[in-house]
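These are the structures in question, set out in turn.
Note that subunit A is present in both complexes that follow, paired respectively with subunit B and with subunit C.
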Partner chain A sequence: MSERPREDPVFLAADALDGLAGDLIAAGTEVVGPARADEPASPAAAAAAAAAAAAGLDKDVLEYRAVSRAADLALGPGMPRLSLKGLYLPQNEALFAWRQRGSDIEIEPAPTGARTRVVLGAKPCDAAALAIVDDVMNWDYADALWNGRREATTVFVLACGVEDDSCFCAAVGLAPDGSRGADGLLTPVEGGWLVEATSEKGAALVAAHAARFGAASAERREQAAAFRRTASERVATHLEIDADSVRDWIATHFDDPLLAALGVRCNGCGACASVCPTCHCFDIVEESDGLGHGTRRRCWDTCQSHKFTLHASGHNPRADQNARFRQRLNHKFAIYPLRFGEVLCTGCGRCARACHAGQDLVEILGAIDVAARRPDTVDVQSPETPARTVGAAAPASER
Partner chain B sequence: MNELRQLARELLVDEKVDVVIGWEDGRRGARPAFVTAADDAERLIFDTRCVHNLATYLSPRRSHLAELGKVGLVVKGCDAKAVAGLLREAQLPRDRVVLIGVRCGGVLEVPDLPQPAELTSETVAPRCFRCDVREPHLADHLVGEERPDPPRPPMTIDERVAAVDALPVEQRWEFWVGQFSKCVRCYACRQVCPLCVCDRCIADKSLPQWVESASHPRGNLAWNLVRALHLAGRCVNCGECERFCPVGIPLSLVNRKLQQVVKQRFGYVVSDDPEAATPVGDYRLDDAQEFIR
Partner chain C sequence: MTTPRHERPPATIYEPQLVTVVDTVDETADTRTLRLEFKDTGLRESFSFRAGQFGEYSAFGAGEATLCIASPPTRAGAIECTFKAVGKVTTALRELNVGDTMGFRGPYGNWFPVDEWRGKDLVFVAGGIGLAPMRCVIWNVLDRRDEFGAVTIVYGARSVADLVYKRELKQWAERDDVTMVTTVDPGGETADWDGRVGFVPAVLDEVAPAGGDAVAVVCGPPVMIKFTFPVLEKLGFTDDDVFTTLEMRMKCGVGKCGRCNIGPVYVCKDGPVFTATQLKALPAEY
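So, the complex of A and B:
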């Protein structure tokens, strides 16, 4: 992704968005964005959707999905349930198909050609995750499927007004109006959006559809600046950590009671990893499609499951949930920054929202930050410190 | 609440238990609390947000929690049913746990609130309507005042099940395929279930791969059927699988439907009686099912 200084902003009126989306779709581009439930494709699906609605299901749920018209895009507040990562790393995908004939095996690779796609209104935290995960997807092996989709996709993020007090992008070096991983930024203003291209690809999209955009008035620029300022100030109050201190503390305190007993309330359900925009681990499985032929697939996986590190011998180096939760923190806030120079977290807060056991990354990072920067104030056995409530229930034998 | 805190404190001071597992206030609402020091008993709360079925922390799968020592577990009636299930299936020695029962008047369907809230017909968890264990009989101690009956929700669980049952078969199929297609195979439903106690789940077995782990329709259908059937006649309807599902699959409809089928076919209703004979754990010469006689 070639990043470049933001272009002078232009204005996209609300009713011009429909034309822009129409132009893109007519040219064969898939337009994706946050949207509510899709329209049912068949009468049976319509009846099923009605039954779901009657049972109170799927109401007001936002998902990133392909839309057929701009009116279906929900370009306002609201966090899509799953992040953008599934567009680049699907929940499961075929890597190749194989067929055995006698002693020969034929391999048929999965097509790598990625569909041209424009994402309108992604969350800045979700786009930033793409740039962060690029590091590992091009580390010792260039992942053609990931890279192909990255190249074929243009992402315009929508400046975020901050969802709730579980948002903490500012604490991990990002911002609600950040354009990392994106090709452009939309900011809501009166009657539409202020649009800034932030990459060659984004500038090319704006130039190719110049007729849809207008001049950005000084008044609208001021509105956009005010919106962004308010959001940045708000999210900064949710959590403040020094990521370098947190990294160094985690890397050197493997057996610290604060880090080693954080998994007590964690159910190991892995929902945090499913909703996380940066969790990218996958499992490779063989699926037999019949005798002598099958498919090799990769599927999302999570370090929170027992099976993730289970050895063939039966030994498991991460035998319990304390060890598995420590790994989650360690990978995101020490291992990844030590290898790639940045934390594997965008502060979207989905993990805290998805966890109904109250395993709370905002609180845990806060406690680790205190331990790292003000160690003299931390006493795990004292009810006065945050360390006490984040978990840290020591085995009976150690009390 | 004071009665609960006082009891927890006494159990810890008298060394009757090593840890009390209850609920406390968290940033996003009530959440499980693990209290090992008597002074921390002040953190314990009980209100309509205390939904998390804590019996899941007794699962033999959770070796790191067994290390905490003898447990004092705060239970609502539905949670006590799960404890009875563990006892019935010999997954838990009765003397490993002291049960602190709380009288319950129902809980919230969406409990992630910073403050307690009164139940209304709009906010009550539908499963609480006509609850038959608002006072946990199995408990060693019982605390709290008697509470009024939970309000009737606009649509009860049975009415929700009936609405899906009323669909013609192809539309019902479409409904469930649509719901299961959302599954991301995180297995949150299994992990949080107090009665998913298998040391190795069939979904984790790969030689052979009985259940495909890919989240395509075939794999998702296989997993969700296996989960449902393994809980048939065992599920206590605590609703935790549905609440923890990050993509909102209505698992309580599946579970409730199976409860109805089990009641109809085997005359069995899950209770908090740990001695009750269960459909899969009991043999009768006059069994209604011909194939087993």
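So, the complex of A and C:
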């Protein structure tokens, strides 16, 4: 279900976007959005990119990054390779620094003041993840670093036209035009975007830059509605599950052979967790800065790693990869819903696109849904993949 | 518990409080107890916790280790931790001397419902360093001795050298209001050993404290817990009256970092104290 925008829509012309971004940047705000990734970092990556270009297979790789002008924003189709997560939970960050003074220690706290930031054109699934992860980041103990960045950031999502058949936001209760976790919604229309503020923060941004916006004509409203309708209808065909049944089945079938069968291809690289907008597990490590001073840092971690649960004694409660893959499914679709009332997944599909072993949540959730709702039809040796048969999605190359 | 009053509150939930090592005791060749005093005077006076809670202990330069608070809440002013030097952080903690500074975050997690045990007989069954979390409860109970019925302690280790808190084992044995049974695994005895020889579950079976209106607290290596539960059941203890405390690898201690999940449970927030009923409902991923 998409959250219906509260404010009356306005129109942002394509050529007014640069002015808006310029105003924000001039006021000291960092403007972030999907943009072409920087040049390949390694010679091998550069060679691969050149080869892909020569074969006509090159495709813009997008990432969320700060831009200095609106022309650098890629506000169209295309899924940034990493989600918005890193803006709020950086891949690694200092929690505090310490310095030894004799037998005493001095602690220099991490700065909790976050810089003001506006995200333009985020994927709705990526913004929704922020609202979902808010639950755990404020579970009795508030994470000031996460919360500070949430407060300092205004997010305008761009209604999504649906990327490919790995997208399944509708199956987890979201929508390609959803504004959960966001402050406003942009929808592409002729000559620009229809803009709706969906929070106080979003409305304040529109009001503060009112001169950059114009009236939304009835024609453009109709264009926006048509765009959203098409996307919603399309993504709905990719996967249909009953999330409550899936939750209850996973929670009560810990040792079911189906879970082991579904995990068998996983080799624990953890790419799925890195690209996931909702995976938030982290490690806390010590980094020595020299003799007698250092930094305590936290960095992304994944339950897919052997070391995640390894005890100092050598005992590992999750000793094999099947157990670790089961944990991932469990945390996302049973533990989190049981604890916080919603699945820890936004259906962005990045895990399926990133997995070099072909693990595909669309197939896996489909198989579990079948097991949960029609238990007699499951063949454990070859789990049914209803998503691919139900879905009438065309191959990505035809889009 | 009272709300702690910091002179300088931490900026984030991940920032430790500084503590001074005020005493060290070598329990065994590789196990040490540290007594710690908060540097923050406001916190030193206001810090409180319940028996069974844990903390994250920082060795600056090495990292944090998750350990229970091994001293009882009835003895304020300082906290103690006992650990075996097996990993990077515990090895670094063992290098610390009196006067050195380390870090502490906590108290975290739930606790043993000691107040609900009033009037009941209490049986403590511990193995090896599993006595550390239980020592907190034992002293807590002994400091309020007249509120409880008979107190039985069955404690075992692989060898005489592996018994921790030796001075306190003697103190408990000398009390006439405690039944203290100490045992070592076969082959672990010395020539002058006057305790029992045998594995903890078998010795518990011989001592045979009665279940019924009684509570058992069990902590030790997984294999000891596995064989102790059936003995307790045989003695008439219901699963709701058998408590244990789980040790899982943790980082944050506050329900964020995700690694202490066992099935639906976050050990740091829902535990570390569980009844046998709760434990048996969990997947065997601990």
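Convention: the second predicted complex is superposed on the first by the 350 of 399 C-alpha atoms of A that agree within 3 Å, B and C clash if a C-alpha of one lies under 4 Å from a C-alpha of the other, contacts with A are read in each partner's own complex, and residues count from 1 in each chain.
Convention: a contact is a pair of C-beta atoms (placed from the backbone, for glycine too) under 8 Å apart; a residue touches a chain by one contact, two chains touch by 3 or more.
Source: prediction; values computed, not measured.
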A:100 touches, of subunit B and subunit C: first, second, both or neither? second
Partner chain in contact with A:285 - subunit B first, subunit C second, else both or neither: both
First, second, both or neither for A:82, with subunit B first and subunit C second: first
Partner chain(s) touched by A:263 [first = subunit B, second = subunit C, both, neither]: first
Touching partner for A:109 - first (subunit B), second (subunit C), both, neither: second
First, second, both or neither for A:331, with subunit B first and subunit C second: second
A:142 touches, of subunit B and subunit C: first, second, both or neither? second
Which of subunit B and subunit C A:300 touches, first, second, both or neither: first
Overlapping contact positions on subunit A, where the subunit C interface meets the subunit B interface: 283, 285-286, 288
Subunit C residues within the subunit A interface of the complex: 10-16, 18, 58, 60-64, 86-87, 90, 99-103, 222, 247-249, 251-252, 254-259, 261-264, 266, 269, 283, 285-286
Residues of subunit B that touch subunit A when the two form their complex: 18-19, 24, 26-34, 36-37, 39-40, 43, 51-52, 56, 61-65, 67-69, 112, 155, 160, 163-164, 167-168, 170-175, 178-179, 184-188, 191-192, 204, 206, 209, 212-216, 219, 240, 243-248, 250, 253
Residues of subunit A that touch subunit C when the two form their complex: 95-96, 98, 100, 103-105, 107, 109-110, 112, 136-137, 139-145, 251, 254-255, 280-286, 288, 292, 294, 296, 298, 301, 303, 308-313, 315, 317-318, 323, 327, 330-331, 334-335, 338-339
Complex interface listing, subunit A residues touching subunit B: 42, 44-45, 47-49, 51-52, 54-58, 61, 81-82, 91-92, 165-166, 263-265, 267-271, 273-275, 283, 285-288, 297, 299-300, 302, 305-307, 319-322, 352-354, 356-358, 360, 362-363, 381, 383, 388-389, 391, 393-397, 399
